[in-house]
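This report refers to the structure that appears directly beneath it.
Which chain is which? They are A, B, C and D, in the order written, and residues in each are numbered from 1.
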Amino acid sequence: MERKIRMGMVGGGQGAFIGAVHRMAAGLDGLIELVCGAFSSDPERSRASGADLFLPPGRCYGTFEEMMAGEAALDPAERMDFVSIVTPNHMHFPVARAALKAGFHVMSDKPMTKSAAEAEALVELVERTGLVFGLTHNYTGYPMVKEARHRVRGGQLGRIRKIVVEYPQGWLATRLESEGQKQADWRTDPERAGISCCIGDIGTHAENLAEAITGLRIESLCADLTTFVEGRPLEDDGNVLLRFDNGARGVLYASQISIDEENALAIRVYGESGGLEWHQEEPNTLILKWLDRPREVLRTSSQGLSDDAAAHTRLPAGHPEGFLEAFANLYRNFARTLDCRRRGVEPDATMLDFPTVYDGLRGMQFIETVVASSESDQKWLSMPASRGSNP
Amino acid sequence: MERKIRMGMVGGGQGAFIGAVHRMAAGLDGLIELVCGAFSSDPERSRASGADLFLPPGRCYGTFEEMMAGEAALDPAERMDFVSIVTPNHMHFPVARAALKAGFHVMSDKPMTKSAAEAEALVELVERTGLVFGLTHNYTGYPMVKEARHRVRGGQLGRIRKIVVEYPQGWLATRLESEGQKQADWRTDPERAGISCCIGDIGTHAENLAEAITGLRIESLCADLTTFVEGRPLEDDGNVLLRFDNGARGVLYASQISIDEENALAIRVYGESGGLEWHQEEPNTLILKWLDRPREVLRTSSQGLSDDAAAHTRLPAGHPEGFLEAFANLYRNFARTLDCRRRGVEPDATMLDFPTVYDGLRGMQFIETVVASSESDQKWLSMPASRGSNP
Amino acid sequence: MERKIRMGMVGGGQGAFIGAVHRMAAGLDGLIELVCGAFSSDPERSRASGADLFLPPGRCYGTFEEMMAGEAALDPAERMDFVSIVTPNHMHFPVARAALKAGFHVMSDKPMTKSAAEAEALVELVERTGLVFGLTHNYTGYPMVKEARHRVRGGQLGRIRKIVVEYPQGWLATRLESEGQKQADWRTDPERAGISCCIGDIGTHAENLAEAITGLRIESLCADLTTFVEGRPLEDDGNVLLRFDNGARGVLYASQISIDEENALAIRVYGESGGLEWHQEEPNTLILKWLDRPREVLRTSSQGLSDDAAAHTRLPAGHPEGFLEAFANLYRNFARTLDCRRRGVEPDATMLDFPTVYDGLRGMQFIETVVASSESDQKWLSMPASRGSNP
Amino acid sequence: MERKIRMGMVGGGQGAFIGAVHRMAAGLDGLIELVCGAFSSDPERSRASGADLFLPPGRCYGTFEEMMAGEAALDPAERMDFVSIVTPNHMHFPVARAALKAGFHVMSDKPMTKSAAEAEALVELVERTGLVFGLTHNYTGYPMVKEARHRVRGGQLGRIRKIVVEYPQGWLATRLESEGQKQADWRTDPERAGISCCIGDIGTHAENLAEAITGLRIESLCADLTTFVEGRPLEDDGNVLLRFDNGARGVLYASQISIDEENALAIRVYGESGGLEWHQEEPNTLILKWLDRPREVLRTSSQGLSDDAAAHTRLPAGHPEGFLEAFANLYRNFARTLDCRRRGVEPDATMLDFPTVYDGLRGMQFIETVVASSESDQKWLSMPASRGSNP
């Protein structure tokens, strides 16, 4: 690369959590530099946030619309290359649309939009503009998830029969949103979160992980959503039976009221000749299970891993890589893809290895189907067919 | 106790697995002695099996009917006190019925019968005869399951919201029954196993564990059973959504095709103020999860456990107790109850702490409801109301 | 076997801990029956203890001398076959000597004697009488320890380079012996325990485990023993550097003041081409480490284990076997050996697989060398050469 | 901070491992920018390495001497603030000395020098110049190590009795240095590594961790070093008995031939009322052990942790933080300290929380004492008294 890729950020002002994550992840490999931002809808706060990040006042915008216009007016040698969207859910779509329309690539947090209809519109816009769109389904960025995908898709487990994916958390076990906790506040507010809290926030990660690792598609599902905390307008727990397009069966559950569970995303996949197990909280271990030989324990950066896993690893074995490193893998691949675009060459498969607008659409369809199923007496509801070439 | 309690066994001849388990468990505390048996439907093999166990030929019977008659004819000072039933499923009911009718107490393996109707008949017979009936839902015999029950029922976790119970195994991932494996053979044969393989064999243990620990009852359920191995007439995998009578929700899954899972029964329970987690394969650890303080790790025989847990422990902390010891707890409680009966005194609560005919009925109702649900388009099927005072 | 092997017990009266362990272990497989005992030096208590065990008063002796005489006078068809010694350390030698002199085989708890000199005398007596002598270094009875031994001795790890064996406990972190705790009382009393508390009680298990698994012998050692609890006359913690006879190096440490450690015996062995790791508190798992392929997790009763491991397993994989089952493996092998003796046939290697008088001598030499080393300014003290054919 | 702190790097050119680690760690929080480097002793390669990092050719120096001179000649508004030293061991001292003499602060990799004498000289120079000197004993940067330190030093475990610290690796189990592996090559070469391989490279981390957490000092030690791989001039394994200045005893072992161990640094500390356990490969968990209540499991970013731990955490609980984040904590504290210096204000305790020149001296003394002990027949050798106010 001749120069760093230039990032503008929408959201992520002082006190926000996920903005800092995106900035650390984007910066980790030294390939991306933050050049501007609309960090807050309050212009004063936006500027103060930018100052903390050593940005000049002129690149700290009061609104995302101003940012798009301001950056578009700059010399191409200075102008941002892409927009990173780290707002609450309801703003993802309008910001992404504005960025794409202004000719900027986009890296957005998930869920991608507030509805499948918005997601469809975004797919169309991405296809029309030909711009690059990434989505931070960050858990697929872990090296051992790459390894799991490599093993399953390479057929090492045989035809897949069963998938169990779970995502228990406990942080919403009490009514945190009434105590002024910002993260809880918008996630439990239908205006900003959309029609789902638990499934939208974390259930989609579980869905994405299962489909990304196996390459299978959920064909139909049967869901039971519950709101355990009184006065909360959206669900905080969900259990879902799954049927996949190859005949595999599965269970997916997500919860925000499972006390003392932190961020316990985990997946188990069983095929005709083997199985695997991965836990996000110990992300550097992948367990392989075999029909006819002892269980194996694979570790990040140990010998014998696939190129896929190796390409997403920065340290020798035993030097734990974590959440930020996995997150950074998405940004690194995204940045390399943009660099290829800039230089007019074709990105290779490794660079293109990040979730896209089709994953985002899939996630929104999943949310809507789960919510509909939970309200229905019908046992099985079908998922729409998957679109796009990924994952 | 003045004398050992005398046990007769039906089933469990040479080559059988579960018979030896029952004998080791029954004998562990030196309170029970094996005095007779109808170990096989082949009289020759029954006698040979008895000889291995140092039994005189006269107490090795060719059929269970002969055993009931033969023992009933003996002097009360010699006669067996109870019958231990360790046959394949289809024989549980006829043997239990014959034993009860002949005036013998019964300890039976599970599932208790081949149908809920048979189970109802057995309940009636037990109630009518007033004899003692135990059922080897052995996993509730573990000290840390007692502790879990004590914690939940004592309200330490608050109102229960969510229960996840799972029982994956992998041993039936291939068509073992066609290779002459006896255990696989009868479990996959509807004539001998009943209407279910996976749920009958292990799903009922999961159901029993969840209800025994929490004291809650499954009110309705939604099941998806699958037969993955071609040519197998019964299901080898099942996923079930649960709704409990207090409003709690749950997930139960059992599987016999989850490769390299051995006997991985595990339960997680979450309430309004805490949670717990227990794994059968590491049975001496119970994890407690709290809303407002660090996770605690309780261990069998460590200080501060309940009397319930302590009463079912034989060794100091760090000296692993396993499957047989848990199994033996059922037999020990059962034997002490019989001894009280014999001496005309009232057994205390600890002695009465073993699964009974009502658990057996509950299990059969669960099997039938799950199988019906799996075949139904209706989302939720109700479980019959629970009977009896236990668990 | 034509009849059960008959056991007499010295020690293990009401309130004792290890006596009950021996009885449960001896009885587990139904091959041994308790026929008599000198359970306590108080004749009244001995008889009461025997009554709890359903023994007739005539077989409950007031002293071990009476027991030897009384049993020797009985008809051979009734007389005990062997003596199980479960007293505090200082009584092991006199009882064993008396038993051997009276012609009875012996199974003794460890450490075998109070001194290496006594141990030498016992070796001589065993060799002279030709009687069978077993020692309950029970941890070698675990199936996965058998597997570890099989792997190391079969050369799968290559030439052994390093051994780390540890045995931390925490139960003596306070002065329990001054609170009337019987187990603490005699173990910290030089009159009854001998010259060492921590090394004698648990360090010898660690030494035995390391030598039994690897077949190597400690050649020299350098020890640092400490008494942390004030007023305690014997050490409660010990750290030892080891040099083995093939050039391997090692660390052994034992502790009784490592708070909240229960019984955490563990061993790691590393060779030129592989390594292994085993933890007594999770005894059904053996981890294999390789130079050029992923770590493997072996489990009790899973496929592909050695005959050695399989022969010492009673349950299918995933059904945890624990401390008592491992202990029972020693008694079962011992009983089968006695049965062969009785029938005049040669026991096979599996039957002979239990620790013997030579292990006991080795343990006493280890204790004395460690204590001498701790008191010495000399860096390395040599261990005496090993005797006998085992382990 | 008004502006980023400017870093120059010595070493870390293309193909080097630890240079990239330092750059990612230094850059993670956006407080430090790389402005120049002498990345290689080959000027061509230095410039190429700098180009990869988007540095202008004029700031890519051919030698560290040129870099000191070149940067010193720049306008203070451009000039680097500090030098990061990421060379093999033998260059640490000359580069650090040159940097300090030129007036630049220093962050150096460890071991700090090739000898204690050099380390003494560096202490003197740092004291004389008053410049800031940091040393990347990075493992103390983990939040849960901060928590451990807080707990021990706050007296929660009571008077410390025993410390077990281990650091097994397996990567040098074969003669990797003869296969052209660069990391192995210089580490096993006395010219570049100094008098020790295993203890110098990783044993010092173990020593630093033990002293940093407990605040105790090793008073004397007894070591046994071994070279297992033929033809290797330095040791690849070491076992050490420790005696601490408060009377506590300990074991430290480090190994590079423990096959399939990755980077398994771990520590256990036991006091009179509690204990703790931490494993570098699962760095987000800290286990607390208590005399009179159940074991507790603390987790990075969970509630109830000390300010110390919280200040070194970037993500919510359950979002694994790893090696780079811990490493970055050192750089962040260092950068904030420099910023205070720049602004003429006093840094607070959190900012000053990174290893310094005194830790480096301590490490060199440890290496030399261990090597001397291993060659000595004397059982105990004393460590020099500790200097400086830290850790």
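Note that in this section a residue touches a chain if its C-beta (ideal position, glycine included) is under 8 Å from a C-beta of that chain, and two chains touch if they have at least 3 such contacts.
Note that the coordinates shown come from a computational prediction; the quantities given were computed from them, not determined experimentally.
Engineer: Shared touching chains for chain A and chain D?
Structural biologist: Expected: B, C.
Engineer: So which chain is the furthest away from chain A, centre to centre on CA atoms?
Structural biologist: Taking each chain's C-alpha mean as its centre, the farthest from chain A is C.
Engineer: Determine the centre-to-centre distance between chain B and chain D, using the mean Cα coordinates as centres, and give it in whole Å.
Structural biologist: 56
Engineer: Could you put a whole-Å number on the gap between the CA centroids of chain A and chain B?
Structural biologist: 44
Engineer: Let me have the rounded angstrom distance from the C-alpha centre of chain B over to the C-alpha centre of chain C, please.
Structural biologist: 35
Engineer: Residues touching two or more other chains, restricted to chain D: which are they?
Structural biologist: In chain D, 261, 295, 299, 302 touch at least two other chains.
Engineer: Taking the touch rule as given, give the residues of chain D at its contact with chain B in the complex, in rising order.
Structural biologist: Answer in residue numbers: 288, 292-299, 302-304.
Engineer: For a test of understanding, state which residues of chain C touch chain D in their complex under the given definition.
Structural biologist: 161-162, 164, 166, 168, 170, 173-174, 222, 224, 226, 228, 237, 239, 241, 243, 249-251, 253, 255, 257-261, 268, 270-275, 289-291, 295, 376-379
Engineer: In the complex, go through chain B and note every residue touching chain C.
Structural biologist: 1, 3-4, 17, 20-21, 23-24, 27-30, 34, 53-54, 169, 171, 261-264, 280-284, 299, 302, 314-325
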